[in-house]
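Paired with subunit B in one complex and with subunit C in the other, subunit A is shared by the two complexes that follow.
Then we have the complex of A and B:
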């Protein structure tokens, strides 16, 4: 109750209602940067990275002015393609000296408008830096540049018997996944980016290049000084540009069992999840898709999966023991009236199953042509999952909007991917309202408004409500320390 | 080679040689605080916490002027016992306003001189705040105050079927373990504190109280704003005082197998470890004790363990599969000429086995009456373990000092616990020399000078060498932001 009051109070106080005259605005907002993008500035950029690596073409700027979310395109004034850390360092210094906004750009697969250039400025595309710097197969680690994508890395690693398991669905860049502290379907077993990064090379706004754990460090643990690695993880490009990441790898599991089952009631599916976790069964994936999500997928991919609330399950491990784990889960499913349990017998069938999960964002938006995904991303302690999922489902049904629900319920995290068309203002209002209520409900249930997508543009007010004014103040102190001119991705995370 | 040159250069440049006039000193050192501890200041403390909670008695100050390491006692001017967050906040504010050093004090079980009051000031003992605030058994988490010890928490949890597995050996306070980013024998399976803390309540030097993830947050993951939790984890009391921690719990394993085996050669034992890890066998504990360590333990506890390089192993899990894991490990041990593999059949035998490991610090110092432990704490990627362990062992033998080696080799982390008597200057010099060479060697092998004990007093020069000047500069920026008056545990981590 206390929590609830606090959250509601904070939300009332924050940006939804405050004017620029309010002391709250002054406390949390950072004054808008006045870009000075003229011919001489563009010339200076060209001197650093070469003519071919600078573009002011509309098409290129448009392409770099948005991610995969519904947020309106906000184009940078100029796009720069960096080919080296030295490029990144010099461009950063130039922007800092001239107080021009700088927005690092990787794969552009974010879902919170993290790359939209709200105040114009320079978009720094780092995808040309695409080398896998080293793979230490016997130590289970590798180092990659920011243009290396998750799937590309895993293709490269195949012969080593290793893989990088963090899987947010999209083929994001590994360094971009660092920037948003991504996770995804395998986090139940392998953790999120937070647990899997050993070192980051970061270019600070003033051009300094640091290695968060020290150059070349790649130990599983360390107590040497402040944990800068985890500070830059999830900082959404607001503190610096990540130019290299050393991440943990894992052995490809000896055996994998994938399965799907269905439920008539949402609560039965969620109760099953809670019980599986409480029994300590070491799942690799534990995903929920409601009937609406399955329906979207069937339409999108011309499949014929049973349209019902479903759990997608996966077990990784040595061959011994895995079948026993599966049997234990089977018992729990039956106890909760689950039906149609079907095991994927080979890799093809398994891939088909997970395709349904991974294409969900596009399957959802395909329901309304021209729409973009408006994604919610709440996460709660697992015992609070049944309540929030049931209430959310009810809100979606009552509002009569298309709102398929999918979730990494093994982590207490789930999404609704609303297909969103801004021109349909009535539906947009309904979506926004449900999204806001979900976030408030999550916070009241000891949860968070963002389990893995980040704050970006749309959740800045929720962040204040979630962490409180004092904690937000401490975060802002860090921002101001490293980026006193507020050039790094201005308008993200904080107002 | 490049790495090695950098490290050697940095070490030449840092505190071992620099004078106060050097620009390096100015860059990294923070001017010594001039404490103003007089009757009126002590009176102000008494007004905050009550007369009975303030002591200037020599015995109390001496007790609070050291941890369990060899570092010389440095007494605070006054010891304050806080009973609430409000006490901590007000005392912090008073110290900050008057620029008096403030040193948070938990169980005092550190090994790097983290609590020694180098510049006097106030020692803030938080052990009276000893409540287990809440246990959410079904969500696998709990929240504790800073006086709650690891063993006390586990006793309290016993009936729930849960436990807090992070085990640094000593009965440290959970919040103290947060402050040093501790780990220990179970980290191979359960990770370190870094992976197991969901939220920290921290009192900043100016008295502000923050919850790093927001009050009441206890989700398994979040992407909401900067990761302050991991910033304060391992900050060794230099950024604020931890007054509450929400940590993850785990189900007590259905089955546990413990075992010990022996080797004639160090390299055989270490090769076994590397192979076990590379096979991906999910060990819970994987500890190495050399012949000298076993000898110390036999003398200390009047036991008769085989005096040879030994591996202590433990497997946790559901009953199914565990025996297979054990058999796989057995094969690897035999392949590497291991002998005397003995499985602990029940809890008593298991406890006896681990007693040997946990009492090692005291078993070592018992070899030289009146000595204190001088602990090394290097950590390297696992493929570099054989080289560093072999060379270290050689150095100890050549120097002809007592230097038992024990290690969490499953993490690439190991220690030598030298019994250290400062009055024996010749031996002390030898110990210091080996310790320094180990750290440099670890860094050259992509490792760290401290896997889990922290920087404290003794490794400040090594920190510069390890992370480099630019990264250290970034750490110092954070220190200066939160603690501009340098009152928090001055002289630790940084010069």
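Then we have the complex of A and C:
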């Protein structure tokens, strides 16, 4: 049902005529591209990457036509596996010359339909480029190719005492995390991808290969020219294909304390968070789970936690001083009527706790077997958090849907993972309604409709409202400059 | 049971995440420029020893590795995790290619005697040769009890109670000390070495020895004839009917005609 709506929308776009009077960037940029995938095109692809690296098999196309969101599968016409930057460059050029859509594909763990091939075309799977190009341990940086996944990187680094702390939960590809400007549970201490990428190698739609900070540069700061690195961060595959990323590393924390506590009122939990941050305590993780989420958590991960609004906390730091931080937070929790504060006793229990937290998406969808996660991702300034969480919780309760709330409240960011079954149209409508209202509320409270998952397919209308016509126009100008034929992931971010 | 002395065997192997490639001469696998790390099961053994020390069951942990110079990196990792000192038994690269569990077991047994160890702890097997022999051989050479495939180790009045993973499930045994233990996967999750601990490890003592110091002859007793890739998987084909399938099976001689 959602897919047919998408198709209808795309067809509407083809009918719009281009006005010759309005500036280039004011025309609706998504003239629907008619893919010319015929045997000669597939043959041209095979010449570039080799026969074994091109597939039109249904199963492969289906796998590459969706991510982990609820958006319906939209298969590309052909899947190409690139083994080098040269492959990526030549395939991009071919697609640009023939005006065929091109969608880069990494781990397929996105949550906003970023890889769904709404207009068919070529899905460019870059995961065969899986080298960790270099690790400069004493400079705290490393360079990776698109096939390197976050957990694999941390595994490789373990003997150096360093880690890559951005933790979106899924085992996402590092370059994919660049494309969506990912974040996660550790952002409150270590920041998001925006603060942690030093350089990117990007293949532009016409095949040109650029290094956003210059080849081999890996400095902590630079004022040289425009900040292209941060332009491509979060561009969701609409401006080019990332083929290498140089990222910042951090020392593995000397000591870690994890703890859980509970509250009877949502406002008490959120007030505690605001106060902790006001005190300047450098939390490593500060996560909120509402009672509905704890219920899912208990069922799925076989835990026996008190079913109440909860905060999961983690402190990272040197061995001395960490207990003091913990004591300060303990006092704040008690001041806000928190109860049941319990430290995880050892590493195994800590790992179990955070693993379960990261499986929340699945825990929520497990409540309705066969459902997919419809995730919301609003982010507001910390002081506006109490209002939006309380009002959202009210909406969920009134609508009588399963809407577990889970969030990186330390950044003012929280999610609702609605288990969503498209065939249950009534519930789906309610979910979309709440989700939309949340985003509107967030924007009214100086916030954003997406803190870390990206715009993808489902939030294009919200982007328009969030940034306004002028800024949107500026963004589209950039898109037109880099990708005049609109081959890069058409239909995402913008209509 | 105050202060057990624990020897931990640490083997340097190709990192488990690396794609293994056979050398062109088909006599081994490519090791040059390939990432190596401590055998994962040995990491688990080191972690368990460190936890025993934190619980005041163990008083000293000595990590031992036999092999070329690069084994010293493996020992530094063990010391960064919490081992107190280490012994590198140097074996040159060429001899190392044919070093067998029996050689290593003889060396570890001698080390255990010299160091007056109470426990010899190794991983259950190395991920390169999958031999699963060294721990058992050490026990035989020393005439010590062995608790292999340990997934839980607890103290119990001067002895150890060890839960072992066996084919039928879990077996719990009581083991008198001194004993040999080998670690299985679910014993624990090893800690990562932190930067401060890596720095401290550089200052911990590492003794350099040779097999001859322990009276062990490491001359090879076998030679590798051939190392090959497993056969490349052939593509399958979709058949349209059961009759076609049966026909193909008959043609291939897999069912009687």
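One rule holds in what follows: the second predicted complex is superposed on the first by the 466 of 495 C-alpha atoms of A that agree within 3 Å, B and C clash if a C-alpha of one lies under 4 Å from a C-alpha of the other, contacts with A are read in each partner's own complex, and residues count from 1 in each chain.
As a convention for this text, a residue touches a chain if its C-beta (ideal position, glycine included) is under 8 Å from a C-beta of that chain, and two chains touch if they have at least 3 such contacts.
Since we're looking at a predicted model, the values are computed, not measured.
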{"item": "Which of subunit B and subunit C A:484 touches, first, second, both or neither", "value": "neither"}
{"item": "Which superposed partner A:251 touches (first subunit B, second subunit C, both, neither)", "value": "both"}
{"item": "Partner chain in contact with A:463 - subunit B first, subunit C second, else both or neither", "value": "first"}
{"item": "Which of subunit B and subunit C A:43 touches, first, second, both or neither", "value": "neither"}
{"item": "Partner chain(s) touched by A:348 [first = subunit B, second = subunit C, both, neither]", "value": "second"}
{"item": "First (subunit B), second (subunit C), both or neither touched by A:180", "value": "first"}
{"item": "Per-residue touch tally on subunit A - higher for subunit B or for subunit C", "value": "B"}
{"item": "Partner chain in contact with A:320 - subunit B first, subunit C second, else both or neither", "value": "first"}
{"item": "First (subunit B), second (subunit C), both or neither touched by A:152", "value": "second"}
{"item": "Intersection of the subunit A residues that touch subunit B with those that touch subunit C", "value": "251, 254, 318"}
{"item": "In the complex with subunit A, residue positions of subunit C that touch it", "value": "15, 17, 35, 37, 73, 77, 80, 188-189, 191-198"}
{"item": "Contact set on subunit A toward subunit C in their complex", "value": "152, 155-156, 158-163, 251-254, 318, 347-348, 351"}
{"item": "List of subunit B residues in touch with subunit A within their complex", "value": "3, 6, 136, 138-141, 180-183, 187, 191-192, 194-195, 204, 208-228, 230-231, 233-235, 239, 250-251, 254, 274, 277-278, 280-281, 317-318, 320-321, 324-325, 377, 379-383, 411-413, 443, 446-455, 459, 462-463, 466-468, 470-475, 477-482, 493"}
